[in-house]
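Note that chain A is present in both complexes that follow, paired respectively with chain B and with chain C.
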Partner chain A sequence: MTFLLRRLAGLAVVLVVASFLVYGLLYLVPGGPMAFLLGNRSGTPEQIAAIREQYRLDDPFLVRYLAWLGDALQGDFGTSLVYRQDVSALLGARSTTTALLVAYATVVIVAVGVAAGTLAGLRPGRADAVISALASAALAVPTFVIGVLLVIVLALGLGWFPVFGPGEGFLGRLHHLTLPAITLSLGSAAFLARITRASVREELGREHVETARSRGLAERHVVRRHVLRNASIPVVTVTGLTVASLLAGSVVVENVFALDGLGSLFVRAILQRDFAVVQAVVLVLVTAFVLVNLVVDLCCKALDPRLSR
Partner chain B sequence: MTATDALKARRTLRLPRTAPALRRLGPLGVVAAALLAAVTLTTLLAPVLAPYDPDRPDLFNALAGASPEHLLGGDALGRDVLSRLMWGARTTLSGPLLIIFLSTTIGTTLAITAAWAGGKVDAVVSRLLDVLFAVPGIVFALVAVAVLGPGVPGVVLGLTIAYTPYVARVVRSAALRERQLPYIAAAWVQGRSAVGICVRHLLPNLRPLIIAQSVSALGFAVIDLAAISFLGLGVQPPTADWGLMVKSGLDSATRGQPLEALGAGLLIALVVAAVNVLGDRIGRQEGELR
Partner chain C sequence: MTLLDVRNLGVAVPAARDWRTLVDGVDLAIGSGEAVGLVGESGSGKSMTARTLLGLTPPGARVTGDIVFDGDSVTGMSRRELRALRARRVAMVFQDPRAHINPVRSVGDFLTEALIAHLGHTPTEAQARATRLLADVGIPDGARRLRQYPHELSGGLLQRVMIAAVLAAEPELVLADEPTTALDVTTQSEVMAILDELRRERGMAMLLITHDLALAAATCDRLSVMYAGRIVETQESTALTATPRHPYTSGLMLSRPSIDTVVDRLPVIPGRPVAAYESGDGCAFEPRCAHAEAHCRDRRPAVQDLAGARVACVRAGELTLQGDTA
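Take a look at the complex of A and B:
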């Protein structure tokens, strides 16, 4: 219980620091907040006064930060300068796309990574060599390069998948999300396969496995109950950390496939200097990242009671 | 010639330092090192080697496929893809090198200060690192770009901040271990200053670890910078850069010319793989030394 409280306190500190930095950044922009609030207009003195009034730029910094934070906690991130729309409305629809993509990729990572890693761990020799080589290759190729390769080969070349866009209906969306999800998951699946292989190997050499074998238990039983169960702990940890990093990876993948998610909104907002959106997306990404990490820690404690001692 | 003479001759023939180093790298390590050397030489000699001016558009060559004149065809503006690939390694490699240099310097300084001072200083530095770890690295770079505007300086700043905690964590734990060893106490008893001990004794002993850590981080830096350039937020057109070429190449590929994207993507992957192999080999040697 104290562990949970301590983690929650740490989480709150990280979020407060992050929100403060994210808000303070506005004032580090060359020219200050007026520079992007005015955009490309030069602005008459009346317009400037109106903007200062609207954004309360004459209040002290801390007062404005607290007001912004209070609004943000209630889900109000202000208005986008480019879209002339509530930022929270912009975020809502796009979060679904990103969440779907990350979830799809997670399924692929766990399925492929654990299966390949277990196979490589249990079958030294050719299967192991092939899987290890593939994993090294997948780890060296950057996500966006994998994405572009898949587009060129599977979408443009063979025509199996649509190139860009979100798709219609649930199945359509899934079909459209397949290439992005594979792109997002390959590197992490390779990493997970390596971890799984190493931890299966380690368990295979343990004394309790030796003992189980010498007692004449069936190999299938030894592998399932003695090797895989113990090997699963590091695998769960790494899976969790991987899911957190997928949030950052989705920024790149969404841009490769022109998906309308948080990541592509983020990049567009940076290019258009739409600061309210930038702040909101950063805050959402950091929050999600920190929360996923917390959940992973809790899961590990549940799996391995030794940790909470 | 007696047997001892022959032995002497063989000894003098053997290259004194490079040969054992090469042997320790193993065959794959040598291939990786040779690949990196070739890429570096090619891009340094690009003004001489490149068949065309990388920035000169040629409408007759726009989106053209491979031909004897243009071995890898042309991009959307008809610029020669092969020439652009030769020039492109400059930004793709120099940016990550700068990021690794800065983050290693800052991270090592922070780590050694924290490990040496201990107590409150160590606690503050460790908490700061924890907060930095709580945010995914690429987000730092994107936020820095949002403030400073798209371009290399913002990305270098952001990725340096993102990479520093990784260096600091590794170096700090090693420095803490090293501090307990008798040679540090011996130097201290001799009346050496703290800074003198850190620079003269501690740092040289940590060097293999720091080098191994930097090389493996370099692969990630190449990927991150290229990815941000791909997003249009890093290196800016019309510079020939591999990350940017994958982006413009994706567009060309939908219009039937995939060579630009394939060439740039393949080169990035090869360079990252080579850096990873080297980092792996150097890290293993470092492990054997301990």
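Take a look at the complex of A and C:
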């Protein structure tokens, strides 16, 4: 319990620091916020005054930061310069898309990666060779190539999956997200398979596994209760890091499949200098990242009693 | 009555196109309730011998010779028979309890899993039994210990847990592979005493593997000394310490420091120990032997009977070797 409280406190600190950096970035841009907001245009005095008024540029930095933070805590990230909409409204639907995509990809990564890795770890020989070769191939091919190939074969060729669009209803969305999720997960699943394989191999050679065997326990029992149980600790850690990186990594996939998610919004916002959106997206991503790490830490602590000191 | 009878045991592992011999021509017999010591340096093949008795050889290893346990051939056993043998009849105490007990499972899990799997105990019964077993090995607050994890226990306590786990199976033979080597000196004798006492009480036979000749002599009825994968000498413990027949045994005893006399430099056996696959055609100990002669290099010395001892040395009959002077 104290562990959880301590971790939550740490999480709050990380978020405050991150929000400060995110907000402060605007003021590190050459030419200051005004040049940033106006871009290449030279605004009329009225426009400049309006902007100064809207962004409270005349207030001291800290006051503005605290006001922004206060609003952000209540879910108000300001107004998008480009869309002329509340940023929170812009984020809402897109966060759902990205969250669904990442969750879907996570399921695929864990299911495929852990299963393939365990199989390769437990069965040296042909199964191992095939899985290792496939994993190397999947790791070597860039995401966008996999995406395009999947679209050509499964969507255009066989017509099993739609090429783009969000889909209607939960099942419809899942259907539409299947190809993006596979694309997003393939490299990570291969990576996780390799980690799982190595981890299972290492545990198989451990002395305590020899002890379990020497006690006449059935091989299935030994594998389940000693090999896989212990091998799961590094696998959970790597899974967490992988999922966290997917949050940012979904940008490419969202672009390939024309999905309106956080990633594509983020890229467009940066290109269009829509700073309120950039700040909000970064903050959401940082929060998600930190939360995923918290979950991983909790899992590891539950799996490995040596960590609870 | 002979419980375990090992004849001409050989173990080799594949190494780059060739076989690498680890154990060669080992004969070993253990009677019911008897304690036999297997003494030798690191790499002499004693641990491998013990593991082979349970079928715990590395993958791809080639085992030759016969291992007969209570009339049944272990080398010819199916996986199921081998599991039954390990579960109820022959148990092993390993050297390093910290590595040999799963660190992420509780002590209770470790003790009860075999009880539940093999003896059909319910978890509650198994818990109660495990607590009693811990009391037997001198751990009074067993119920609390069962909830703890290996990293929360000292090495000595963990080795007692390991011994308790072995007692739980009520085996006929205990293979103790350097059970005290990983412990600090003060706990070594305690743990050894507990193991030996409980073994005697329950009438279990023991194969004690150690590099500590004095410990083995104090605990065991009979000793076999191993060098380079072969047994070079077997005698009753008292006879072996008084009149060693093999130059290697004598060398081992002479290189032990005495607590009574002060010497500048400990006598050592010159050279370094060799593994079975490194030795030439002749006697494996010949390059380090003070009594070696030209014909020692010709072929492996056969094991001969000599006044109650079995010795693999061609000169055993003519030599008078120094034993433990203490």
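Note that the second predicted complex is superposed on the first by the 287 of 309 C-alpha atoms of A that agree within 3 Å, B and C clash if a C-alpha of one lies under 4 Å from a C-alpha of the other, contacts with A are read in each partner's own complex, and residues count from 1 in each chain.
Going forward, contacts are C-beta pairs under 8 Å (C-beta built on N, C-alpha and C of every residue); 3 or more make two chains touch, one makes a residue touch a chain.
Just so you know, these numbers come straight off a predicted model, no measurement behind them.
**Q** I'd like to know which partner A:Val130 touches here: chain B for first, chain C for second, both or neither.
**A** It touches nothing on chain B or chain C.
**Q** Go through the superposed model and pick first if A:Val163 touches only chain B, second if only chain C, both, or neither.
**A** A:Val163 contacts chain B only, not chain C.
**Q** Please work out whether A:Arg306 is in contact with chain B alone, chain C alone, both, or neither, and reply first, second, both or neither.
**A** second
**Q** Applying the document's definition of touching, compare chain B and chain C: which contacts more of chain A?
**A** B
**Q** In the overlay, answer first, second, both or neither for which of chain B and chain C A:Leu291 touches.
**A** Neither chain B nor chain C is touched by A:Leu291.
**Q** Considering only touches as defined above, state whether A:Gly216 meets chain B (first), chain C (second), both or neither.
**A** Second partner only, chain C.
**Q** Contacts for A:Arg229 in the overlay, against chain B (first) and chain C (second): which applies, first, second, both or neither?
**A** It touches chain C, and chain B stays clear.
**Q** Find the residues of chain A that appear in the contact set with chain B and again in the contact set with chain C.
**A** Dual-contact residues (chain A): none.
**Q** Which residues of chain C touch chain A once you look at their complex with the stated criterion?
**A** 54, 56, 79, 82-88, 91-92, 94, 96, 99-106, 113-114, 117-118, 149, 151, 165, 169
**Q** Can you name the residues of chain A that touch chain B in the complex?
**A** Result: residues 10, 13-14, 17-18, 22, 25, 28-30, 136-137, 139-145, 148-149, 151-152, 156, 163, 244-245, 247-248, 251-252, 255-256, 266-267, 269-271, 273, 275, 278, 282, 285-286, 289-290, 293 of chain A touch chain B.
**Q** With touch defined as at the start, can you tell me which chain A residues reach chain C in the complex?
**A** Contacts found on chain A: 206-208, 210-219, 221, 225-226, 229-230, 233, 303-306.
**Q** In the complex of these two chains, what residues of chain B are touching chain A?
**A** 130-131, 134-139, 142-143, 145-148, 150, 219, 223, 226-227, 230-233, 243, 246, 249-250, 253-254, 258, 261-262, 265, 268-270, 272-273, 276
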